[in-house]
Every structure is written in structure tokens, then in C-alpha cells.
Amino acid sequence: MQENLARRRTYERDGVEFSRTVAFTDGLFAIAMTLLVVSLAVPTLSDESSVSELADKLSDDISTFVSFAISFAVIGRYWLAHHTYFSALARVDRTLITLNLVYLAFIAFLPFPTALLGAYFSNPLSIVIYAVNLAIVSGMEVVLFSYAQNHELLEQKLPRDVYRYGAAMSLAPVAFFLLSIPVAFLSTTLAACCWFLGIPLAAIAQRWKPKGADELLLG
Amino acid sequence: MQENLARRRTYERDGVEFSRTVAFTDGLFAIAMTLLVVSLAVPTLSDESSVSELADKLSDDISTFVSFAISFAVIGRYWLAHHTYFSALARVDRTLITLNLVYLAFIAFLPFPTALLGAYFSNPLSIVIYAVNLAIVSGMEVVLFSYAQNHELLEQKLPRDVYRYGAAMSLAPVAFFLLSIPVAFLSTTLAACCWFLGIPLAAIAQRWKPKGADELLLG
Amino acid sequence: MQENLARRRTYERDGVEFSRTVAFTDGLFAIAMTLLVVSLAVPTLSDESSVSELADKLSDDISTFVSFAISFAVIGRYWLAHHTYFSALARVDRTLITLNLVYLAFIAFLPFPTALLGAYFSNPLSIVIYAVNLAIVSGMEVVLFSYAQNHELLEQKLPRDVYRYGAAMSLAPVAFFLLSIPVAFLSTTLAACCWFLGIPLAAIAQRWKPKGADELLLG
Amino acid sequence: MQENLARRRTYERDGVEFSRTVAFTDGLFAIAMTLLVVSLAVPTLSDESSVSELADKLSDDISTFVSFAISFAVIGRYWLAHHTYFSALARVDRTLITLNLVYLAFIAFLPFPTALLGAYFSNPLSIVIYAVNLAIVSGMEVVLFSYAQNHELLEQKLPRDVYRYGAAMSLAPVAFFLLSIPVAFLSTTLAACCWFLGIPLAAIAQRWKPKGADELLLG
């Protein structure tokens, strides 16, 4: 009986409950990514058919387009990581589903910092709010990852070195986002560049990568 | 023949129709949760790069962020309960699907009371509208729950004491939301606190919980 | 070979392509229903904590709430019918998928006539636009229904009398919506009442219902 | 071992990961199509119940309705093509999923050029932005198509002539969209007509179509 009850509380990969968690997550990601476009406002023109006026107005709003593109890429990147993460899960439990909801709250919130960044790219506080939001998302990724490793939810438990490497790779963006906060008060452009430090790091980190890590880890 | 027709009217757990009901519900929840962010407006600044002005404007809007967070948590909590509820269902019928749509109407409506609460937290009427909306959602939960119990839709019919305990636990929030209505006219903050009375209650209610309730009931 | 190719063009109920059509439809319905709330604007108050002022402003907007409720009920009703319709399908083909997209275009458009109706309920043109939109949706329902019947897409082809009864029941709303158009110029409230003529009709139509119709027809 | 690892990186048609990619795509398409309606604003009337004033205001906004209709048809058309494309896939890999996200970024962006076109149809720059966006979407279609062909992702590899024909048919819209850019500076209406050159082309191209192309190619 006890065993039976314990089994009820986890939801296996081929069941309706696992699928729902995934479908709900995908729906929320898709909406958050599509809502980004809502912050792009059609400019008001004095001469409706003037190419130069429209071009001027749109180039004034260039940072809204840049922040749309960055946020789409960022959320897309998190979705890819989430996709890979869930592909390694054999089952979910209620705690993981709840942690996943917390993670999604910060994904759903992202269109706001994105709009803020688009409107006030030169304002250090916009950068700080955006960076803190992403640091939390990346931090939650680590929480989800270690929870699955430590509660028998993965299809195959990761070897210690692979687990550590994976956790380090997910923590690195947290560090970069936090680093960008003081930098934002010097230069907001430089701060935004910090967010992409993960790209060279990923190249360097290849050296330390334990054997089999690629196949076992989130993206 | 009669039996065959009766079977057509219920949709088993592994069929397309059961999945559609679940997928539609998940889609609507995901959208309602993501739309909450639309009520967060980017403030207008006189000095675009002024940290203090942006900080002031955002802290003026603090109640919109608090109401985003509360509503995300509240809808997330309902989604979790819905997830657990459906995990106990063996099949759905057309009446349950219709009741589920009524339930979803009040979930879809929530972004409006949320925006109202964010804009006018000190206004007792905002609190009343929000509380009535949530009372209806919790009430519909009880309706869905008892309908499934009484129409052979659950995988295993609940023992009488477990059913009563579950119905009471779902009705408690209705009572707390209704209680907050008169309280709102004394203090809106105190009224909002009433909404969280479920947390201590859940702890106390552990004592009366019938054996096996945890495993059989909605969250 | 020819037979093999012909088979490729239809997508059976248990395949990915059938599911996608259904999932896409459900997503679009869920979004259209949730977007209705976006047209509900938070009023501007001179005294933020005044209950009477907020109550006045909200009751000025009463028609936006009524039109939210009507449209949620209407779209929910169409979703239920679509759900029942697809439950009778054994497969879809590309033409049906395309017809389904046309049908969905008018579902996706509905939030606009809803907002129009909410803003200008007393304007006959709002009623006309809303009624025409719904007449097209109901008309497309008949098209989808007869296409499936005549192209071997149903799990079991309907007997002639059941098919005719079903088509008539789907055409009736078209008639009521069209009827409401001239009525709107006399009284917009009376016109809106025409939309609900289907309820007494459904009760009366029970008499003419062929045997087995309930089990075989869309809702 | 090496083989096992290689297999992990592709996701077969009947697995959760394939479904997620499809579900995420369908969600994003459904939202992009439904968000188009958000750019349709309810006009402000001086006499709320005046039919002629509302009719005038709405006919002033006629281009927003036309651009809603065109964009719904265009995105619907892409969704159909994507549906057919995925029906030919036996599996996906991480690169294809990433390319699919890039493709989706331009689908998610479409509501903005649509709103721009609706507001300033007579402005050549609106036409250019819309055309460039669609040219990229069609171009990405070709990229997705050739990637699948060359990386063993299709259920059956296409014969050379069918592959070439399919790529040409997908590239044709790119040419038409690019052609419309210079035309826009002569006449924006004429430019919009260029977008539909695919319809006569498809009729003419029937002649050159290799045997079996219909059955093997994206729509």
C-alpha cells in the first residue's frame, strides 16, 4: 500500500500528467515569446506616406527591436535548455512541478523587463532589473537540475563529475548576469555584453568537460 | 446499443477527447498567467537615464507588481489543483467539460481583477471583486470535484470520509474569500491577509485528515 | 503506389498530424477566449480609494462585462461543438485542415466585434458586425460537417435523416444571426435576444429528432 | 556507445521531444495569428449610437482589416506548409529545433509589420518591412527543408528532381517578396499584388512537376 501511494505521487514520462506539465510549459514559453511583440508600438506619423519620417521614427525605437531580438533569443535558449532537461527525465513529482511553476513565473515576467530595456536602454536600472530576472531564471535551472538528480527523477543518474560540470555550466550565466549589475553603472552597453560571456566560456569549458557530458547534460 | 451509446458520451483517459480538454485547459491557464504581465506598464520618464526617477516610478507601481506575483501564485495554485484533480479522473463526460469551461471563464477573467487590484489596492471594491472572483473559482472546484465523485468519473471512488474532507478543504478558501469582503471595508491589507488563512488551516487540518486522503485528493 | 500516395494525404486519428490540427485549434480557441479580457480597461479614478466612484465607473462599463460573458459563452459553445465534431472524425485531409483554418480566422477575429459591442451596444452596426461574424462561424460549421460526411472522414457515415437533422440544427443559428440584423435597427437589445432563439428551438426540435441523432451529431 | 550517444541527440517522431517541438510551434503560430486582432482598435465615436459615424470610422480603418485578413491567410499558409513539412519528418535533431526557433522568431514578429501595414498602407517602407519579414520566413523554410533532406531526418529521402522542385517552389515566394520592394516605391498596391504571384506560378509550375512531387513535398 505504502509503495502504491508513493508511486501515485510521481508521474511517469508516458502518462497524461507528465505531458500536461510539458504542454503547460511550452504554452507559457510560446506566449511569453509572442507577447514580446506587443511592446513594439506603431509610431504616429504626420505624413502617412513619408518613408523618411517612418524610417526616422523606427530608428528612434531601435532599442525596442534590439530588446525584442535579445529576449526572443534568450527565452528561446531557455526553452531549448528546458527541452533537453525534460528529455533526460523519466518522471516528475509534485515538488518538481511546483519548482517548474516558479521558474515559469520569471519567464512570464520577462516581457516587462524587455519592454523596460527597449524604452530605457541607457538607464542602468533597466539593465539591473533585466539581469536580476535572468539570473533568477538561470538559478532556477540549477535548482531544477539538482532536484532531479537527487530525487531519482532522471532516466539515468549522472556521474558525479558530469553533474558538477552541468551545474557549473548553468551557474555561469548567473555569475555573468550578476557581474553585469555593477558594470551597468559604468556603461549599459558593456553590461549587456557581459550577458554573452557564456559564449566564449562554453568554448573554453570544452577542455574540462568530463567524458559523456554532452550526451547527458542540459544544453 | 444503449450501452454503446452511453459509452460514446464519456471520453476515456487515453483518447483524443480527454487530451483536448486537458490541452485546452492548460492553454487557457498558460495564457491567463502570461497576460498578467500585460497590465504592467512601462513608466514615462522625463530623464531617460535617471536611475532614481525610474526607481521612484516603479516603486509607485509597487502594487501592480505585488498583484502580478499574487495572481501568478494564485492561478499557479489552481492549475496544480486542477492537475491533481484530472490525474484522478478515469474519464470525462460532456457535463464535466461544460463545468470545466465555466470554471475556466473565471480563470480567464482574473487578469482584470488583478489589474484593478494593482491600480487601486486601497479601494475596498477592488478587494471585493478579486475575492468574489476567487471564491467562485474555488466554489467551481468543489462542483467539479463532487460531480466526478458522483458520476463514476474517478479512477477509484473516494471513501466517504476522504470525500468529505476533500470537499471541506476546497470549500475553506471560499469561506476565507467571502470573509475578506467585510474586512476590506476596515482595511484592504487585512482583507488580503485573509486570503492566506488557508496556509495555517492546512497545517491544523492535518489532524483531522482521514487515512489515505493525501494520496486520493486534489492538492 | 497510387493507393499509398492517396493514403499519405489523409491523416489518421492516432497520428501526429491529426493531433496537431486539434492542438492548434485548441490553442487558438483558448487564446481568443482569454484575449477577450484585454478589452476590459481599468477605469481612471480621481479618488483612488472611493468605492462609489469605482462602482460608478464599472457600472458605466457594464456592457463590456456583458459582452465578455456573452462572447466567452459563445466561443465556449463553438469549442464544445468542435470537440464533439472532431470526436466523430476518423481522419482529416488537407482540405478539411484548410477549411478549419478559415473557420478559425473568424474565431480569432471575434474579440474585435466583442470589444465593439462592449463599447457601443446601442449602435445597430455593432450588433450587425457581431451577428455577421457569428453567422459565418456557424455557416463554416455546416461546411465542415458536410465536408466530413461526404469525403469519408467520419468514423461512421451518418444515416441520411441524421445528417439532415444535424445540418439543420447547425444552420438554425445562421438564420437567427441573420434575423437579428434587421431587428437591430429597431432595438439592439431585442436583436441580441434573437441570438438565443436556439435554446427554445433545441427544446422544440427534440420532437423531430431522428433516432440515434444525439449520439452521432455535433453538440 | 558512440552509436548510442548519437541516437540520443535525435528525437524520434513518437517521442515526447518531437511532440514538444511541434506543440511549441503550434502554440506560437496560434498566438501570433490571434494577436493580430489586438492591433484592431475600437474607434471613438461622438454619437455612440450613430450607424453612419461608426461605419465611417471603420471604413477609415479598412486597411487594418485588410492587413488582418492578409496576415491571417499568410501565417495560416505557413502553418499548413510547416504541418506538411513535419509530416514528412521521421525525427528532429537539436540543430533543426534551433533553426525552427529562428523561423518562429519571424513568425512571432509578424504582428508588428502587420500593424504597420494596417496603419500606413500607402507608405512604401511598411511594404518593404512586411516583404522582408516574409522573405526571411520563406527563406527559412528552404533552409529547414534542405537541412532535413541532407541530414537523414526525412522518412524517405527525396529523389533529386523532387527535392529541386520543392526547393524552387519554396524559393519562389522569396523572389516575389524581394521583387515587391522596388515596386513599392512606384505603387504600394501593385507591390502587395506581387505577393500573390505564387498563385499563377503554382498553376504554371504543374507542368514541370516531377512525378510523385505532390505526395512528397511541403504544400
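Read from first to last, the chains carry the letters A, B, C and D; within each, the first residue is number 1.
By our rule, a contact is a pair of C-beta atoms (placed from the backbone, for glycine too) under 8 Å apart; a residue touches a chain by one contact, two chains touch by 3 or more.
The structure displayed is predicted, hence computed values, not measured ones.
Chemist: From subunit D, which chain is the farthest off, judged by mean CA positions?
Modeler: B
Chemist: Check the residue numbers that subunit A and subunit D use where they touch, and answer same if over half are used by both copies, otherwise different.
Modeler: Shared-number fraction below one half, so different.
Chemist: Mind checking the centre-to-centre distance between subunit C and subunit D? Centres are C-alpha means, answer in whole Å.
Modeler: Taking the average C-alpha coordinate of subunit C and of subunit D, the gap between them is 26 Å.
Chemist: What's the distance between the Cα centroids of subunit A and subunit C, rounded to whole Å?
Modeler: 37
Chemist: Can you check how far apart subunit B and subunit C are, centre to centre, with Cα atoms defining each centre and the answer in Å?
Modeler: 26
Chemist: Return the residues of subunit D touching two or more other chains; collapse runs of consecutive numbers into ranges.
Modeler: Each of 19, 23, 27, 31, 35, 38 in subunit D touches at least two other chains.
Chemist: Mind pulling up the subunit C residues that touch subunit D in the complex?
Modeler: It is residues 5, 8-9, 11, 16-17, 19-21, 23-24, 27-28, 31-32, 35, 38-39, 94, 97-98, 101, 104-105, 108-109, 111-112, 115-116, 119-120, 122-126 of subunit C that touch subunit D.
Chemist: Using the touch definition from the top, list the residues of subunit D that touch subunit C in their complex.
Modeler: For this pair, the touching residues of subunit D are 13, 18-19, 22-23, 26-27, 29-31, 33-38, 40, 42, 45, 48-51, 54-55, 58, 68-69, 72-73, 76, 79-80, 83-84, 86-87, 212, 214-215, 219.
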